[in-house]
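Here chain A shows up in two complexes: once beside chain B, once beside chain C.
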Partner chain A sequence: MRRPLYLKVLRGLALLAIAFWSAFPIALVVMSSFKPARDIFVFPPTWAFAPTLQNYAGLWLRWPDFFRTLGNSLIVTLGATALAVIVSAMAGYVYSRKRNPYLAGSAFFMIFVRLFPPIVVTLPLFPLVNALRLNDTHLILVILYATFFVSMGTMILKAFVDQIPRELDEAAMVDGAGVWSVFWRVILPLSAQGMIAVGVFVFVYAWNEFLFAFIFTTSTAKTAPLVLSEMTGAVDGVEWGVLFAATTVQLVPVLLFVLLAQKYLIAGLTAGATKG
Partner chain B sequence: MSALGNPNRLHPMHLAMVVPVQALLIATIFLPSMYVFWLSLNESSFGVAPKFVGLRNYIEVLSDPYFWRAFVNTAIVINIVVYLELALGMAMALLFATGIPFRKTMISIVLAPYAISEVAAVVMWRFMLDPSIGMVSQTLTALGLPTIEWSVVPAHGLAVICALSVWLHLPFTFLILYAARLAIPADLYEAARIDGASPWRQFIHITVPVLMPAILVAVLFRYIFAFRMFSEVWLVTGGGPARSTEVLAVYLYQEAFRYNEFGIASATGWLMVAGSILLAIPYLRSLYKRTLTDA
Partner chain C sequence: MNTVAPVLRRRSFLAGSAAIIAGSALPAAAQAKTLTAFGHRVHQTVATTGPGGDATSAWRQAAGFDINWVTLGDVNAINERLLRELTLPETSFDLAFLLNGRAVPRNLRLFEPLDAFQREAPIEDFDDISAGLVAPMRLDGALHAIPMRHATNALVYNEALFEERGIKLPANFEEFVDAAKKLTFTRPDGTQVYGLAFTAVFASNFLSVARAFDGDYMTGDMKVTCDLPSMVKPMEALAELFKAGAIPRNFATVNNEEITTWMQQGRAAMTINPYARLVSYNDPALSRYPGKIKASVMPMTAELAGKTPYASTTEYWSFAIPRNSKNKRATWDLIRSLSSKAGTLAQARNGNGPVRVSTYADPAFASMLPYAAAEAVALRTARIHLPAFDNQARAHDVFVEESQAAVLGMKPAARAMEDAAKRVRAML
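For the complex of A and B:
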């Protein structure tokens, strides 16, 4: 399509503005984490500096706890992702293949219950979790994170299973396969894309989540975002360089993951949100 | 068709495969919420036996000026955030759909904030907006403009919360609208062009009506999620100064975990549940039609 010059320039400027808005805050923090203290506050920000790891060394020395909480984040994230993907795949398969009023009612319930704001359930769960000695454990976060994503996960996987021809199930059943083995040997391998899509959503949510971690963990199972917020709110002034190093360590893995898996993210969003 | 393949025949195994999802939802969301409803009708706190008080907690909440402050703040923030995201997301989706250079790279860049935690985003924005060292404040000062005093002036605090929230969630709105826009067949626009329709008329008569379902999904989802906003506010202003920037979730948290007013917090919780359901009525209606009437 031929466009007049002024329109080309305008479009170029709009794209630059969009890229700047989205990427600048991230680039600034990652870049600043490698700057010596005296360069961090230089205005306008300088892109030419001698990169240093001193902020990372400072993080290691003054916040040794941070790396342990990063481990907690990883355990909780992997646990929640695995749990949510498995249970969503099972339910998504049944909801895709079966028609039954009770089943339909439970599908409605599944989405309806997801409308309840998370802060509401913290009230009764707080004493209950204490009584069950589950506070400050990885398990409670795994359960909470998985629960808040199984509704969307099931809808996404139902949409993916809907695209698998029923003839494949039928053929396996004629060969004598039972419900479980049809699911395990026919459906699961063919819905791998959908499972990855659900996995990306849960992974990003669990890795970044703040509210539940803030309320239900104190030390043993504390996750990385909590340490970041402690560093931000330090009473004796914020050590910006160290905070940038910690922020970079927290955000880079999940950012890479999202960029690598963006194809699945987009597929999942269109399958789950628009149809769910 | 074998008995197992019949869509109307359920094997016990099918039920067993739905149980884990339902059990998680019932045990962690549904039953606790019902208990919150019971709590909202009682006066209770840590270690004190609950005492039935009827609707008194609701009356107390509804006559608390801090609740109304939080309510108004929530209404302001979600309306700004949702419609700003819709306008920007729509403009971006249409621009991207006309064919842009480096499309894949641009989409990756636009998607990036989706991966960022609220906490990390707050670090970025607080650094940029810091009244003394932040580059935004320094730019404003250099231009002779007043700076953003987000920790002192409530309106500034709420503005920062809105900006932060739009930054975090724009990728979601954009992706939904962009995917829907790509699904519109090009011949629709071709035909309109041949009939001499201006770009504006094409937008009003083709793009908007065809995109309407996607627009509704994007707006509804964002309304429901923005309504429960907690972390952004908690980490930027903490609800202060003097509880002036609290939103409903922060108000609830303060009542429950700072003032130990479980009855008040529970009543707030149920008002939030009711609010979410009201916001979701159009969505629930279409969901009901799809899940229950074709069963």
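For the complex of A and C:
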């Protein structure tokens, strides 16, 4: 049955309003990064202006460490994404194919741990991380970011693996494959979509994460969000243009990644939704 | 000829990922003789960048050390991180920057007493450093930190808006209140201009107004005095301005960055902020009123004018050496170098508020900063906003909360100040 025209129009308007609500602040930040500093907050606001790169030049000259910390963000994000995806895939496979009380208990524990606010975990971890001399290393951030997403990643990938017929595992085993070989040669290629979906979640989280980076890094592994925070705390006045330029630079990689992977993201979120 | 195309196999992908992760685990090899300084970005900037040059370079060359600057952007975050480091068996932070409000006995005990260093290798002309700033850094007579940067509050005003509205600069507090009302108006394009705007999250801002009545929340000897008329009257005056619309409606939540933007855009005629902010207020690249934004001390009430000098509120940072740090001797040498007359002047030229009286007398410095003379005068009588005691941060929040309640009209000013006094006395 065809929907009436007014419903279509209303739906379109609602979607437009939601898109505007979500995208407008981002567009404003990006646009402001190309405005001369004194015109950014001018009232009434100006929408037509001669774009300038002076804010980007200021960022390069006055905050050179921002670009170094972007490199740290990239290392940590890639490391955490790889670790979380691999561990989640293995765990998802086991939870999907094996049944025993210990596994049920560990699944509950994973969800339970996820309920704690990160700050609760952070403070007791600080002396421990310090004693292990992991403070200010990329590794500690990789481990923490991955750990916080393994539970959700495992559930997503379990749903994916559930959809892969067990007959494929059995056929491979008849041909002589072991559990590891089945996982490696059968399950992993077929759950690639789910792995990408999990990867997107971890990537976005790790790229933007502030709290753990703030607690556990000082200089060597310092990530870009910490420098953005420093820019907002300048005691002699925030350079808004430079801050918006940095925000735009920070936004671009994650935006591109999400755009490229968005179809897998939806697949990841809906995996298992129709399973009877 | 057979060619084999390079293929990324899962095995090599996993091995590569593992190698990246393992590689990232290795902490960067510590450079030989590196000293770590922990503070705000502004500390690094004034020590190393600007017309005054790199104030650390002479020491670095002589001592053969490099400085690893670890900076954060938020004062509370700096304090929180610093205290966490100080409670470890050993910290990598050698030089710490400590805000006077955090120099309470409980925290000062975590820093190395400096008297032995001072006896052995004294800081040049130590008495030249403002005595009023040094005193709070002593605990049981022992010096625990060396003042290095101050921010003294001023009444900042937009001269162009005064001229536009045909108003004279106020000679006393009553005229100031009157001017704030007259400077509140709406432009034809709909822009609302407020007579007075300041952020309400700092007790020192309320106090900057109250000092016109010689008011104080607490005295240096820990007496709570906020329920005296000298604090109640200024709160009543602010409440009157808020009611008249001369203070913005979002007074309780507006932050200092918004205030800066308002001043630069001419949307606020007066504010309370440190003298050093004049640089960005008058920056032609940021401000619509370059050269027109000036500063002075808040005028006293007609009753006290000419009798009692105005005492500006001041906050300041100090150098300190964590007790659990490793390079104490080298750190002291760096402090000595930065606290010398030449070091202080170099940092002042880079935008630091100098704690040495003699720095203001330097003609090159005075000509660089148009507000240097006014700030020097204000610094002579300036006082910190609250004395140091372990519950100072909580007391500060109580004073702010009750002062906001008074200004917003949630409570009569007298009752708000009585409530503040009662709550803070219970903490002492």
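By our rule, the second predicted complex is superposed on the first by the 251 of 276 C-alpha atoms of A that agree within 3 Å, B and C clash if a C-alpha of one lies under 4 Å from a C-alpha of the other, contacts with A are read in each partner's own complex, and residues count from 1 in each chain.
Keep in mind that, in the parts below, a contact is a pair of C-beta atoms (placed from the backbone, for glycine too) under 8 Å apart; a residue touches a chain by one contact, two chains touch by 3 or more.
Remember, it's a predicted structure, so these values are computed and weren't measured experimentally.
After alignment on the shared chain A, the placement of chain B and chain C results in a clash.
By the document's definition of touching, neither partner reaches A:R2: not chain B, not chain C. Legend: residue contacts after superposition of the two complexes on their common chain; A:W21 is shown touching chain B, with no touch to chain C.
Judged by the touch definition given at the top, the superposed model places A:F43 against both chain B and chain C.
When both complexes are overlaid on chain A, the residue A:L265 reaches chain B alone and has no touch with chain C. After overlaying the two complexes on the shared chain, residue contacts for A:S229 are found with chain B and with chain C alike.
Comparing chain B with chain C, more residues of chain A are touched by B.
Legend: residue contacts after superposition of the two complexes on their common chain; A:D136 is shown touching chain C, with no touch to chain B. After overlaying the two complexes on the shared chain, residue contacts for A:G237 are found with chain C alone; chain B is out of touch. Of the two partner chains placed around the shared chain by superposition, chain B is the only one that A:S106 touches, whereas chain C remains out of contact. Only one of the stretches 79-87, 151-159, 187-195 or 223-231 in chain B has C-alpha atoms clashing with chain C after the fit on chain A, and that stretch is 151-159. Applying the stated touch rule to the two superposed structures, the overlap between the chain B and chain C interfaces on chain A comprises residues 41, 43-44, 86, 126-127, 215, 229, 232, 240. The residues of chain C lying in touch with chain A in their complex are 10, 14, 17, 20-21, 24-28, 36, 38, 40-42, 68-75, 77, 81, 84, 88, 92, 151, 189-191, 257, 260-261, 264-265, 267, 276-277, 279-281, 284-288, 351. Residue ranges of chain A in contact with chain C, taken from their complex: 36-38, 41-44, 75-76, 78-79, 82-83, 86, 126-127, 130, 133-139, 142, 184, 188, 214-215, 218-220, 226, 229-238, 240.
Looking at the complex, you find that chain B touches chain A at residues 1-2, 4-5, 7-8, 10-11, 13-14, 17-18, 20-22, 24-26, 28-30, 32-33, 35-36, 39, 46, 92, 95, 98-101, 106-128, 133, 135, 138, 167, 170-172, 175-176, 179-180, 213-214, 217, 221, 224, 227-228, 230-231, 234-235, 249, 252-253, 256-257, 262, 265-266, 269-270, 272-273, 276-277, 280, 284, 287-288, 291-292, 294-295. Here chain A touches chain B in the complex through residues 1, 11, 14-15, 18-19, 21-23, 25-26, 28-29, 32, 41, 43-45, 86-88, 90-91, 93-95, 97-101, 103-128, 143-144, 146-148, 150-151, 154, 166, 169-170, 173-174, 178-180, 182-183, 204, 207-211, 215, 225, 228-229, 232, 240, 243-244, 247, 250-251, 254-255, 257-259, 262, 265-266, 269-270, 273-274, going by the rule given at the top.
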